[in-house]
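The two complexes that follow have chain A in common; it is paired with chain B in the first and with chain C in the second.
This part shows the complex of A and B:
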């Protein structure tokens, strides 16, 4: 019997093969679609772009790789208010997400606690949550722009509103679902309500609360791109819009990869927190 | 080390590019130099003085080549003395310094949508027109007109690029809260086109467009009103026989390529961009519908005009100055180069150049030469506003009685434009009202109400 590689190594190998195959198929597809340029008057040819001369509008993998290298090697250039490096744009987006998400956590967790501990509040407020939760965050944008009267704050507000519901509902649910036994033990030991909340309920509900936060930050990162495409100015969403404006598919794909990467990092960070607060019943 | 160029230095190129030639602008050159030099900073007053000198020297020599040759031959100090002899440079400097001292605010944000209509507003930044009037302006790119309107009404922008019908609509409260808005200057005239998808190459007669989906950049746009006018003259009802939807200009080419729309009447560079990318062809330039029609505007709130009169006038002069510069054919290539980079239009330079010079590929295999495809004329004729209002009435955007002239005269600052242009040594037109001929039909601003009701297709 042949010795087999450990599972992780085999998975890594498979990932690599899948990646290589995708890139190869992509490259071949681009090459096959690159038709020969028709005989064209050179004066006219100078006025037209590569697509009008029969080339594919879609970039080859190598072109995207070059673009990625260019962005990574010069991430912080600043060539005016409408042209900044990708590092600066990502920093703006992360900053907005942090502010909106942080504000939502400050509201949702204490408020969720109160709701979770009171079955009356829980039942009374539930219909509102159910109504407000499914609203697309971007639907708030015109209202926010109109009432807040500041586009940057409006973008942060949209992040706030979309991060709020998962955290609020999860906190309320987690707090409400703490096992009776724990609370009874606390009562027997004559703990005050604040100590009970801090020492018993919070650790018991923490995994559910953090799950809510993980969902929220994922949504917030999805929404910031769309919000910035709408209000413009700065951020990775604006960067995508600006490159779409120039129909630069290469840069749009490069930006998509950056968005995916940052989203993954944010999710992994919350995953770490989740692992830290987990406990076995 | 300075952020302005010394106009008496024969090695310096005035205009775009830098003195050593290896940087795209003088500012960039100086920034690079600043890191190696320890010289002190220049005060704003020095900048101002030098800007005045630059303007005068440029005016005296006309071309940069002449200036450089002259300076090399006689030396800078002789040249300065000679010019000071014939031109009261000191007085001009004092005047500019005084004007700047009176500015209520010198750091401004001006919004623009990335299209060639905004050329004067955009180019005034890289080409130093704002600086010349003592202003430090950031031009901020905006995704579309609804956002631009909201940001303007929020006060995030001190002034902005708008479509000529927008200040009228904002003032009368059509599509927004009624807020007094002003339009001190028109940006461009002509410069739009109807672009159709390549698959419609054989459908050159609008009568064949039944069921087509068209895009325009905004409801309150000349694009919407011209498209409606054009198809209605060919017997199609724009609300019944075709579909008109609003799309931000940057999204139009992508939608045309994706077959989401059959065509659009849109601002450039997106008509030319469709040809450049091989997805559409130019069916008609709007100049063939109404030669000299207004399109985009420089707009500001009444509040800004009233509360910051000196800043407003400085900004106004910078815009008029830039508009005059852009209207000269020989400057168009230089302007195209200045506004194409990522910070401004973010388009291939050849596309912008084709729009501005009027030598362009039409998407049908030909090259056309139409030098006045786009032109720049700042004068905000009241009659233009009256025409726009008649079309808003015609298509039901405003209802009831409209006092055409009163609204036009409140919003379009033609009288103000006359004063400022005269002060700048330009010759504004005598009358603020004109008659127009649009597709052969006459428009008389004195008979606005009758005109609005005179069309067989309309809602009046």
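This part shows the complex of A and C:
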């Protein structure tokens, strides 16, 4: 049989089948794990819930779906420090990422520009970048807590640090790699340093710079979850840890799905920017 | 005697040897002049430093010694008076054809209104027959069209001198031919002073008033200056019918094939840059010109 559907439609169909199969296997695995109830103290049994009957505490797909619906329909409720809607928690995390990432962009892009323009700076600073780049951003956390003395600002600082390197290195590289002939055109047109930077170097290096920004925002979203687990209080990372302490695996899984979704949206947004500054050579 | 528009005096380019010992001389003792309205081509094999001479004229590269005097002033860097058409079109790929030209026009005439700039850009796009391609990005244009935009960008700033580095070498023969015709028309009608590098003997005979022949590098020199004695109103179709065509063409080919090599291997001092031989094939005796003695104020900065 020849395939008659377009590729996108066939891919969508396959995605749907894979999703359905995964959910089905998951559901069957949960249903089959009905063991015999061990003889135990009724109070302990009450505490353990389904596990006392030999069942898994791992939720079935439908339970997670119900939980997702509950979160989506009421995302912004606030019932005290340990019980806030997932919308509020995600907003805290996105806010921290936006602040840390924004501050990093404000530092990395102009600074990267200068480094890229000067082969001397590029060579002199490269060893520092190579040393600082592989450090897990969370390793900076104690230092940040000690110096800033504020957990929220420390989380933002950690995001700043982890967003900084990809943008800085990509900007410096992109600016340094602008083709000689474009610079020669700028020279023969007597453009002057500022117009050359604005009209020639920035648009020429923009695709590389935005690629750095896309990498940065991806890393920032990975790191914010871990940072919020450490600093606590608010944010999706704290939410995950809090639900683990509550032994609510359903909520942990729901949160994981939300984290993935927001990460995807952030990446797609940067992808749009990337497409806007791209040019065919 | 009227001073020429461009006077290249004792130009030389040397690089330190990669080994660190001594210097490699690319070319030395280069003297030539270009009159206002003249079209001059330079021919020579790769490595003789043609591009370096052109870049020095553009102000993009500095010679190791010697001066270039334009309009009585030694040049020191690029200027909007000298437009360059690059070998690769060197258009900004993120700008449309019109924006590429606009960048040049606004740099040249910063005091112009938006409408004046727009008129100028459109006028020159029309001149190179690209009326319909205003908003196209370079990637959407063919090789010939890109180079047309490059030509329009260079001419739109109304430069005193046009410098071209093998502008048509990347194009197919048909496109090259039509662009040569257009360029010749434009340069003739505007009396544009032009300096051009080419590998193409026919291109030089079609376009140039005089042709500089360079010996092989390293240590390249201008061996002779061939005056193009073909009639002013020559065209690509009838070029080969003229009685001077084959003698001139053979002379140039012979130079490229054998003499450029032989002259390069001759003892130093065999060629005197100040006394470059001028060849006119319609006369029996070749004459020599003595480049004017540099005046004390024009001391060669060695």
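The criterion applied here is as follows: the second predicted complex is superposed on the first by the 266 of 281 C-alpha atoms of A that agree within 3 Å, B and C clash if a C-alpha of one lies under 4 Å from a C-alpha of the other, contacts with A are read in each partner's own complex, and residues count from 1 in each chain.
Please note the rule applied: contacts are C-beta pairs under 8 Å (C-beta built on N, C-alpha and C of every residue); 3 or more make two chains touch, one makes a residue touch a chain.
These figures come from a predicted structure and were not determined experimentally.
Once chain A of one complex is fitted onto chain A of the other, the partner contacts of A:133 are absent, as it touches neither chain B nor chain C.
Of the two partner chains, chain C is the only one that A:181 touches; chain B does not reach it. Among chain B and chain C, the chain that touches a larger number of residues in chain A is B. Shared-chain residue A:190: touches chain C; no touch with chain B. Judged by the touch definition given at the top, the superposed model places A:123 against neither chain B nor chain C. Applying the stated contact rule after C-alpha superposition, one finds that A:199 touches chain C and leaves chain B untouched. In the superposition on chain A, A:10 contacts neither chain B nor chain C. In the superposition on chain A, contact of A:70 is made with neither chain B nor chain C.
Looking at chain A, you'll find no residue that touches chain B in one structure and chain C in the other.
Only residues 114, 138-143, 147, 150-151, 153-156, 250-251, 253-254, 257, 273, 275-279, 341-344, 346-348, 350-351, 354, 360-361, 365-367 of chain B touch chain A when the two sit together in their complex. Taken in their complex, chain A has these residues touching chain C: 181-182, 184-185, 187-191, 195, 199-200, 203-204, 206, 277, 279-281.
Note for the complex: chain C touches chain A at residues 58-60, 77-80, 82-84, 86, 88, 90, 92-95, 103-104, 107-108, 137, 139, 157. Every residue of chain A that touches chain B in the complex is listed here, in rising order: 41, 43-44, 46-49, 51-53, 57, 79-83, 145-146, 149-151, 229-233, 241-247.
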